[in-house]
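Paired with chain B in one complex and with chain C in the other, chain A is shared by the two complexes that follow.
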Partner chain A sequence: MHKQYSNKWQILVFLLPALILFCGILIAPIGASLYYSFFDWNGIGAKTFIGLSNYKELFHSNAIGFMKALRNSLLLAALSVFLQLPLALAFALTLGKRIKGERFFLSVFFMPVLISTVVIGQLWLKIYNPDYGILNVFLRSIGLDNLAQIWLGNKKTALGAVFVPTLWQYVGYHMLLLYAGVKSVPYELREAAMLDGASDAQINRYIVLPYIKPIIRISVIFAVTGSLKSFDLIYVLTNGGPLHSTEVPSTLMISMLFLRNRFGMGSTIAVLLILLCFGFALLINAIFKEEN
Partner chain B sequence: MKKILALVLTLSMIFALAICGTGTASAADDQTVLTMWCIATESDANRPAYEKAIAAFEEAHPDIKIEWEAFENESYKTKIKAAMNAGTDLPDIFFTWSGAFLGDFVDAGRVYCVNDAYKPFADQLPEVMLSNSTYGGDHYAIPLTYNIVTLFANMDLLGEVGWDHVPETYEDLTACCDALVEKGIVPFGCAGKETWCVTEYLEPIIQKTIGYEALNDIFSGNGTWNDPAIATAVDTLQEMISKGYFDPNGMALGNDEVKANFIAGKTAFYQNGSWNCGEVNDGVANAAVGLFPVMDAEKATYGQVIGGPSDSLAVTASSPNAELAAQAAFELGKEICHYGYLAGSGLPAWTPDYDTSEVKPLVADVANIVAASDGMTLFGDTAMSADPANTYLDYVALVYGSEINGTDFVEGLTNDLG
Partner chain C sequence: MKNTGKGARIAIYIGLIFWALINLFPVYWMFTFSLKNNAEIFGENVIGLPQHWLWSNYTSALKTGHMAKYFLNSAIVATATILITLGVALMATFALTRMIWKQRKNLNKFFMLGLTIPIHASIVPVYVTLSRLHLLNTYWALIIPYSAFSLSMAILVCTGFMNEIPRELDESACIDGCSTWGIFLRIIVPLMKPAVATVGIYTFLQCWNELMFANIFISKTALKTLPVGVQALSGQYTTEWGPIGAALVLATFPTLLLYVFLSKKIQDSFVAGAVKG
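Moving on to the complex of A and B:
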C-alpha cells in the first residue's frame, strides 16, 4: 500500500479523469465567463474588447438594476439565515429527541425538497392567484377582504410572496442536515447531562449546539450561497417582475444573456456571482473559526 | 437475488438508452436526411399543420426524410441563439422570427440566402411577404402564416349593454366600456406578467395616434421617440386603466390565463394576435373581431394594423444540403401556411390555391380586415434588435404599472434609444 502511495504517477492517473471533468465543467466555464466579461458581444458576431466597462456599467446603471437585484438576494440570504435556519434547527432538535412519529415528520418536512421546483412554483402560483387562490379565498372567508391582494402582481407584495415558498422549500433540507448532526451526538452525553439535572433547553444549548457547530456552519454557507444563486422558483413565479421588483442577479443574468443578447454583461454578472459566493463562504468560515 | 436484481436493472437501463437513441424513425440508406428545429410542440396550435405538411412533403419526396424536433417557445430562443453562437450542431432548417431576431444570425453569416430557391415560388408567395426577412436586398427566410393585433369581442357581453357591433370609434369604445363597467363586466384583460401582451394594447394606440409610417420609422431606428403625440397615446392607455377598463388582476397573470378569462366570458374584449382566432372561434359562442379605433384621423386610419409576416423557416449556411433544404423549406412553408390558415392559427402569407370555404369565420373576418388594410407596422419587439427591444419593453411595463406617465415614457425612451 505504501509503495502505491509513493508512486506519484499512479496517483495522477487515477485522479486524472476527475480532474479533467472538474476543470472542463467548472474551471474552464469560469475562465471563459471572466474572458467574455471584458467584451461587448451579442453572442454571435464579432467581440469588441471594452476592458472593465461592463463592470462599471453594472454598478452605475439604474436601467440594469444590478444593485437592486443584489439587495434582493442579500435580503433573501438574511431571511434564510435568521428565519429559515432557526426554524430548521428547531425542527431538527425536536425530531432528534426520539419523539413519536419522528420518521413521518422527517419525511413530511423533507418532501418539498424532493418536489420539482417548477411544480412548487405552479402550486404557489395557484395559491397566490388573485381570483381563486386559497390565500385570498381564506382572507375573504374570514372577513379580511381588505387584506386580499394581487400578491405576485403588486410590487409591494411580490418580493415577500416570492420569498415565502423559497424559504419554505428548503427548510426540510437544512432540517435534515442538522437532524443528522443532532443524531450523531452520543446519547451518553445527553444521559449524563440529564442525570446532572439539565433541562432540554440546557442540553441543547450546552451539548447539542456546540457539537453540531460544523454542520451549522455548512448550513449557513449553503443558505447564503443558495440565496445568492436563487433562480428557478423566482423565474417560475414572477420572472423578476413586476417592474423588476423581484429581480435577483441570476434572473438578471438570464435576461442579459438571452433576452438582450448582451453576452459580455451576462458573463460579468456570472463572474460577480461566483466571487460573491466564494467571498461569503470564506467570510462565514472565518466567523465560525473566530468563534471557535 | 441481488445479482439478478442488478442484472435486470442494468438490462432495463440499456434498453431505455437504446430506445432514446431511436427517437425518430430512421432514414433508409438512399434517403437524404434534412433536420429541422421549430416551436410546434404538442400544445402549440400549429402542431397539426407541421405534422400534415411534413407528411405531405415526405410522401411527395420519398428520397428525403425530415427529422424534426420541436421546442417550447422561450427555451427555443435560448437554444437557437446558443447553437448559432457555437456554429455547430445546427439543423438544416430552423424556425425563426423575422426582423432583428433573424437579422443577427444573417449578420453573423449563419443563414443561407434563399434568393434562387424563391424564384420558382414567386407567383405563389408575394415578395412583400418576404420584406421582414430581407436584408441588404437578399431574402433569407420563408414566411409561414402572418398575424396582426386583433380586437376580439364577446358579443353576448356587449349585447348586455346594448351593443351589437364592435365599436369603431374611440368615443364609442369608451361609451361601451363605461356601460360594461357600470354593469360590473370587466372590459379588457391584459397579461402584465408578459410585457409583450401590453404592447398589443399600447402599439395600436400609438399607431392610431401618430400613423403607421412614423411608428415604422421609430421601430427601425430612423425616427425618434421624442414626439408629444406618443405621450398622449400612452396617457390614453393609462386613462383607460384608471377608469377601470382593465382587469386589475391582470398584472399578476400570464397570457394563457387572460385568454382563458376572455373565453370563459369574464372579460368583454381581448386584444392580442390573430393567431388566437381559432381558439376564440371555437371557445366563444358569439365572437367578433375588429381593430383599435383611430385616435388622430389626420395621421392614421382605421385600417392601419400592427403585425405582419414574422414566423418563418430559414436554412443554415452550414447545412451540407443547403440548396435542397431551401427548396424543402419553401414547400414545407407553403403547406404549413395552408394547414395553419385552415386551422385558424394565422393568416396566409402564401396565396391560397386550395378550397378556403372551410376557413373559420373569425379568421376570414381578420383576413378581410388585412385585405382592406392601408398600412402595417411590425410588432415592436420583433422589429427592434434584442437590447433596445427589451429597454422598450421595460418602459411599457412601467406604463402598465402606472409607474410613469406618457411624458416620462417619451423622455426615457428618447434618452435611452433616441
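Moving on to the complex of A and C:
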C-alpha cells in the first residue's frame, strides 16, 4: 500500500493536469501582467520598455482618470461595509434564532446572487428608463414629477443609480455567510445566557458577535475586494459613463485594452488591482487581529 | 424569539416581508413583462399580470434574437467546464489526500491561493496567448479559463469529502491486487457523488453567469454565451421590451429551477467556498 502510494511518477501524473491548468491560467499570468506593465505595447507589434512610465501616467493623468475611478470603487467599498454588511448582519441575526419562515426568507434573500448580473443589469436599465421605467412612472403617479429624471444619464445621479443595484444584489450573499456563522454558535451558550436573563440584544452583543468575528472579517474582506473588482453591473448599466462619472478600475482597464489598444496600461491597472486587493485583505486581517 | 415582545415581532416580520418583496419583485416583473406588448408595458398595465399572454415574444427572442443559439453555447461551455474541472480536481485531490509525499500540505495551500486571485490578473496574458494559438472565438477560449478558475473551489470541496472516505477501503483493494488507477476509478470516484454534485452546481452557476471573459474572448455571434448574447439582443430590440424580457427569462430559468430544487446544497457550496478562502 505505502509503496504503491509513494510512486513519484504516479503522483506527478495525478497532479499534472491541475498544475498545468492552475499555473498556466492563474499563476503565470500574474508575472506576465507585471512584465507587460513596464512596456508601451498595442498588443500586436513590438513592445517598448518604458520602466515605470505607465504607473506614473496612471497616477498623474487627469485624462485617464484612474484616481477618480479608484475613488468611486473605494466609495462603493465604504458603502458596502457600512450599509450592506450591517443590513446583512441584521438579517442573519434575525433569521439565525429559529423564527418561522427562516428557510423561506433565507432562500428569497439569497436569490439575487444567483441571477446573472447581466440580467439584473438589464432589469434595472428598464427600471431606470427615463420615459417608461417604473421608477419615474411611480414618482409621477404620486405627484413628484420634478424628482423624475434620466437616472443613468445624469452625471449627478448616475453613480448612486449604479450603486443601488450593486449593493442590493449581494446583501443576500453576506447574509448567508453570516447566517452560517450565527447557526454555528453552540446552543448551550445561548441557553446559558438566556437562563441568566440576558435579552436578545445582549445575547447578540456578548455571545453571537464575538463568536462570529472570523466570518465578519471574511465578509468585510469580500465586500472591499469585491467593490474594487466590480465590473459586470457597471458595464451593463453605464460602462463608466456619462462623462466617466461612474468609471471604476475594471471598466477603465477594459477600455484601455480593447478601445485604445493600450495593453501595457491595461496590465498596469490589472497589477494595481491585484496589489490593492491583497493589500486591503492584509490590512483588514491586521485590524481584526488588533482588536483581539 | 421567545423573549421578544409582540410589537417587536411584528416589526421584524414587516421588515423581512418588505425585503422579500424587494427581492421577488424584479423577478415577478421580468416574468410578466416578457409576456406583454409595448402598450401594456409602457402604460396600460405596468405591474399587473399580462392581459394577453404574448408568447410570440419568446419566439422572437429564440429565433431573431438568437437566444436558442446562445443558450446552446452556454450549455456546451458549462458542461465541458464542469467535466474538465471535476476530472482534473478529483485526480489532484487524490494525490493531495491519499498519496504519500512530503510537500502535499504546501501544494494544497498553493492551490487555495486561487480562491483569492482576481480574474483581472489573467485577462491580458490569457487573451494574448489565446490569440497567438488562434483559440479566440472558439469554445476553448472560455472552457479553459473557466476550468482553471473553478479548480481551487473544486479541490477544496473534494478534499473535504475524500478525507471522509476510510483508508481501509484503499488497503483492502490494494491487497486484492488493485492498481492505483483502479482504486481511484473504481473505489474513490464512485464514493465522491455528493462532492461531484456540489462542485458541478457551483461551477455551473459561475460559468453560466460569467461576463468579462465571455465578452472579451468571443466576438462571433455564433459562439456567444448567454450573458453576452443578452447584451447583444437588448441592443437589437431597443424599443420593444417584450422580447428582451423573454430573453432574460430564458437566461434565468435554468438557474432558478436548480435553486428551487437544490437551494440548501447551493447555499452550502457558497458558504464552503467563502469560509475557507
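Observations
What we mean here is this: the second predicted complex is superposed on the first by the 270 of 292 C-alpha atoms of A that agree within 3 Å, B and C clash if a C-alpha of one lies under 4 Å from a C-alpha of the other, contacts with A are read in each partner's own complex, and residues count from 1 in each chain.
Just so it is clear, contacts are C-beta pairs under 8 Å (C-beta built on N, C-alpha and C of every residue); 3 or more make two chains touch, one makes a residue touch a chain.
Values in this document were obtained by computation on a predicted structure and should not be read as measured data.
Partners chain B and chain C clash in the overlay (superposition on chain A).
Contact with chain C, but none with chain B, is seen for A:L176 once the two complexes are overlaid on the shared chain.
In the superposition on chain A, A:L83 makes contact with neither chain B nor chain C.
Of the two partners chain B and chain C, it is C that touches the larger number of chain A residues. Contacts of A:F258 after superposition: both chain B and chain C are touched. Contacts of A:L139 after superposition: neither chain B nor chain C is touched. Of the two partner chains placed around the shared chain by superposition, chain B and chain C are both touched by A:G43. Once chain A of one complex is fitted onto chain A of the other, the partner contacts of A:L74 are absent, as it touches neither chain B nor chain C. The intersection of chain A residues touching chain B with those touching chain C, taken from the two complexes, comprises 43, 131, 258, 263. Chain A meets chain C in the complex at residues 1-2, 4-8, 10-11, 14-15, 17-19, 21-22, 24-30, 32-33, 36, 43, 91, 94-95, 97-99, 101, 103-120, 122-127, 131-132, 134, 137, 168, 172-173, 176-177, 180, 194, 199-200, 215, 218, 222, 225, 229, 231-232, 235-236, 250, 253-254, 257-258, 263, 266-267, 269-270, 273-274, 277-278, 281.
Those residues of chain B that touch chain A in the complex are listed here as 77-78, 81-82, 84-85, 104-105, 107-108, 110, 192-193, 248-253, 385-387, 390-391, 394, 397-398, 401, 403, 416. Remark: chain A residues 42-45, 63, 128-131, 150-155, 238-239, 241-244, 255, 258-263 touch chain B in the complex.
By the touch criterion stated above, chain C contacts chain A in their complex at residues 1, 3-4, 12, 15-16, 19-20, 22-24, 26-27, 29-30, 33, 41-43, 46-47, 87-89, 91-92, 94-96, 98-101, 107, 111, 113-114, 116-118, 120-128, 144-145, 147-149, 151-152, 155, 170-171, 174-175, 179-180, 184, 205, 208-209, 211-212, 215-216, 226-228, 230-231, 234, 241, 244, 248, 251-252, 255-256, 259, 263, 266-267, 270-271, 274-275, 277.
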